[in-house]
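Below are structures written as structure tokens.
In the two complexes that follow, chain A is the common piece, with chain B as its partner first and chain C second.
Presenting the complex of A and B:
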């Protein structure tokens, strides 16, 4: 039953694609911009976890928390000192700034880690879990469970809490939200903090699954996240999660049934095809075409 | 006489050509190599300037076009085709691909175009790395020594003449073209698409032309680059190459022809000067990009124009500065939405 093996492997990968996509979608929802530096936030999380877990040798839980904190702080600093002063500027400026930011972070990581590849030791000492012919690593299960529970939390937050509603209001009309007493600075700060936390969590959780870390990992991860977010219709929480799992599964199927080498570019093909032929994606509501 | 009048004089192109031809007399081998790179980057930067600075399309694909040009030129040239035809072929193939990449631009709003083109760029790098039979894979390939009418161009100085002449001709063509209705149409599309179409500009046609021209310049520039460095690897045409292009256009000045030349000079010589700090190169480009786009959006050329050293370029001011007191209003209302990318903000809300 290769079908189920592929399905489970795909879903496991999809877990962190979905986390990345969620981070992107959050910022898109609040600020109407795409964060091209998100891959580097992931990298910050992954390398923090690596340093704490593999170099210092503290328990994995501590490494996870440290990674989430580090990425959150990066997200908040970027928002407060870089993005907020220019939030009124055209899209192109904002996006270009995040592109520049991504290379700054990558360059900073390069100073310490160079161009080498680092291996992340496995976290759980127990062997893989075997159900029928499907073999799952405990780490993959943790990752998928974390993604699913977090997306439920986020969905509920946007639906029921004041902060979620304020985020929605801010993205629809910044001045209007301000007039109704929304502290938009706080909204932006918390959005970027949450997005950073998601990126950091994705980094810490998927580093043992990927097992190979290098400073360039951000670009690769970012594009997978884009594919997931675009497939789900940019701007939808549910879409990002479903898109993430769908991209993960599709990759595995393309890799097995068509050609192994196509596995890596299927994400790019998905982005292009979806944007050209079906720009709304699975759950998109926003009109992405021109007026 | 103002200095800017000098650049506007009728005889200036002739003088500039003479200047280009005299340069090799004053250089040593290494310096000549750097000058060659500067000229290649003038063309490549021109491709980026056309699509980003003039037509206002947020395309991430120019590094890929450059790669396509470099590989096509080198591969065709190994088949004993004259070098100029090989360069043309590289440019034309890149232009053709650019037309196809431009198709989504006819429908998608800017951020989505960026996503589609970045995916295309990564895919091109991947294809260049994995199409072993043609591109020799990730190890890269030596680009053959160019032969120009039976005369083989072995040294950098000899190559310089080929590069300089191709570059000069193409810059002249570009200058003429941007002063014509094409240039005005591109700028109109950048400033406001709806107004442009109300003024009878065929938007799909001109956008496609902008993509094709941009691809052509990047392709020919890439071909010359392959000749100049003699060795091509797929990794050279990834996102980092694109950031160099962005930084080049930003540092020079968005929407300025002179800006491309200034940017190419600065960004090609800077890494050579800072050779000891190679680890910091990525950070350098990132910081340059951020600083220039936030604080100095008109780039170095903007200063030079204010000081009347460079002549003003009609209709081409880069991003316009918003007046502070209308900034708040501009966030929600469609008034004063000027500058590239501005109308998205108004339209989506």
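Presenting the complex of A and C:
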């Protein structure tokens, strides 16, 4: 019976790992770079939701919308003022800017939120759903359902919409895309806005599941999301979702069946093993360049 | 005696008197005619800063209060802060700066054991009086070091309070343990683990939980599988809340014990999502009551008065005992204050009022742990108040 309890707990955690991975993958698909400040976008979403729901006392739905909007705005501002001016610079420069962004956002959050670990109140008053010995919290079900729905929407967007194709083209050859008439400024802006919205949604949805919030929470979550993206194959929407759920479940299985000491390092072991033996991940594809 | 010789003698005596007067006023480092400079350090910035100012501000409120009444022997307490960031290297640098650059008279600080250990060599080498704020690592003050004093429970004493309580709980023969893998948890659990078998209790599961973990499913399920009579947790409050929440969620219904770091049971109840998960929780404690209880109302008022923009919290109480010990020793050391005089005065404290702490403080030449006993708390049946159960188990609800 423990198997199903661990599976359900792992899937619940995997839901927000997947959302984080999706945010990372979006940026990666459009700009071929890793956004190391994405964990802090998650944190912005979580604390915005906390403020609106727990401090101001407005309904959770309003808190969720506010979190998504706040994180979207952060994403757009970062793209417009930090990334776009240096978009042509080497990737390492862009990545280091996102690392700096991560520290700045964390530092700013500590000014207001650094003195405590905050508890997000329960959103649903109905209590857990018990099936046999498996205990499911309503918020976890919402999180998993949202993640799956969103991944379908994103998959379809990349496959069938002009914006999705423009993102892909921009990622492969920015100059070529620009010469073909793609408004790369709009593409970047949309990508960062969407990535921000995903981070904000992840923060708002997972805050009641995590229940404990602190300014450094994004760093922990980012690493898990990163592991999910690596496992799924960086650049793959489906891979990010599958990777997220897989990392969540694997953590729980390792913690129970092997040792609790290994539970939290399992994500890092996954990153190492995948990069060494299977660098393209579960759903990654080989880069093919037409010459 | 000729007039010339008389003049020389008077002149000489005047010089000696002047030198003595100057000497008595400011011979000791960090002491002036009207101030005594005390250095404080702790994690003031960064990810663990919630253990910085909230803890340091408790004693500061007491020092500010005494300053308002004229200080000690006409001298006011002046506080100098340095950030140690819960990091041994940074703490060593902070201690050096306080001693050599800020030239403080004494130090009252340190919340993170590992970090304090980083600065301890400088403190020992210079002989500066050091009152540990809230760090619990045993070897900081045991065996006694001439210039180092600890007013709060050491880590092992905290663990032993839990052990003695467990040993008196009816029917408890097999327990499960969950702890962090850091020096803090080691300090609290090592003696507990070493001595538990001698009380006829077997540890049937010993699990690890990372700091900032997001759930405790694996730990709880492993515990549940071995059917323990009770669980001992050596976890910080946030993680203890997660453990109790998940224990309730997965039906692990046994008494759960926590260290004094979790003694704010009202806060634990809030973090765990209500009374259900914590109704069978017992925490070690070394203060009379958490912040918010009527027993600590005076200290809450003190915090509100001197830090009106901050939320009074139980962490404010942790270092207050040390502040009362310092003030009492400064009073006993007299106007001619020296570092050695203060150390000698501290070693005379016996039954000294320690503010919100349960202990009366007692230091001797060979015993620099001022408080060696504690009590256990639990929540009342309705969850609205805290019951002081005592050092041994008794049914209270």
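The rule is simple: the second predicted complex is superposed on the first by the 284 of 291 C-alpha atoms of A that agree within 3 Å, B and C clash if a C-alpha of one lies under 4 Å from a C-alpha of the other, contacts with A are read in each partner's own complex, and residues count from 1 in each chain.
By definition in this document, contacts are C-beta pairs under 8 Å (C-beta built on N, C-alpha and C of every residue); 3 or more make two chains touch, one makes a residue touch a chain.
Since we're looking at a predicted model, the values are computed, not measured.
Student: Should the superposition on chain A be reported as showing a clash between chain B and chain C, or a fit?
Tutor: After superposition on chain A, which the two structures share, chain B runs into chain C.
Student: Determine, under the contact definition given at the top, whether A:211 touches first (chain B), second (chain C), both, or neither.
Tutor: After superposition on chain A, A:211 lies in contact with chain C alone.
Student: Between chain B (first) and chain C (second), which, if any, makes contact with A:185: first, second, both or neither?
Tutor: Touch partners of A:185: none, neither chain B nor chain C.
Student: Tell me which of chain B and chain C touches more residues of chain A.
Tutor: Looking at chain B versus chain C, the one contacting more residues of chain A is B.
Student: For A:59, decide between first (touching chain B), second (touching chain C), both and neither.
Tutor: neither
Student: Now for A:5: first (chain B), second (chain C), both, or neither, which partner does it touch?
Tutor: Second partner only, chain C.
Student: Can A:110 be said to touch chain B (first), chain C (second), both, or neither?
Tutor: The answer is both, since A:110 touches chain B and chain C.
Student: Please indicate which partner A:261 is in contact with in the superposed arrangement: first for chain B, second for chain C, both, or neither.
Tutor: both
Student: Does the superposition put A:88 against chain B (first), chain C (second), both, or neither?
Tutor: first
Student: With the two complexes overlaid, spot the stretch of chain C among 24-32, 78-86, 114-122 or 204-212 whose C-alpha atoms clash with chain B.
Tutor: Given the superposition on chain A, chain C and chain B clash at 114-122.
Student: Residues of chain A that sit at the chain B interface in one complex and at the chain C interface in the other, please.
Tutor: 110, 114, 261, 264
Student: Spell out the part of chain A that touches chain C in their complex, as residue ranges.
Tutor: Per the stated touch rule, the residues are 2, 5-6, 9, 13, 110, 114-117, 119, 121-122, 128, 133, 135, 137, 209-212, 214-217, 220, 252, 255-256, 259-261, 263-264.
Student: For a test of understanding, state which residues of chain B touch chain A in their complex under the given definition.
Tutor: Residues of chain B touching chain A: 56, 58, 103-104, 107-112, 114-116, 118-120, 122-123, 126, 130, 193-194, 238-240, 243, 246-247, 250, 279-290, 293-294, 297, 319, 322, 327-328, 330-332, 339-342, 344-345, 347-349.
Student: Considering the complex alone, what residue numbers of chain C touch chain A?
Tutor: So the residues of chain C in touch with chain A come to 45-47, 49-50, 53-54, 178, 181, 207-210, 212-215, 217-219, 221-222, 225, 237-238, 241-242, 245, 249-251, 270-271, 273, 310, 313.
Student: With touch defined as at the start, can you tell me which chain A residues reach chain B in the complex?
Tutor: Touching chain B from chain A are residues 32-34, 82, 85-86, 88-93, 95-97, 99-108, 110-111, 114, 172-176, 219, 223, 226-227, 230, 234, 261, 264-265, 267-269, 271-272, 275-276, 279, 286-291.
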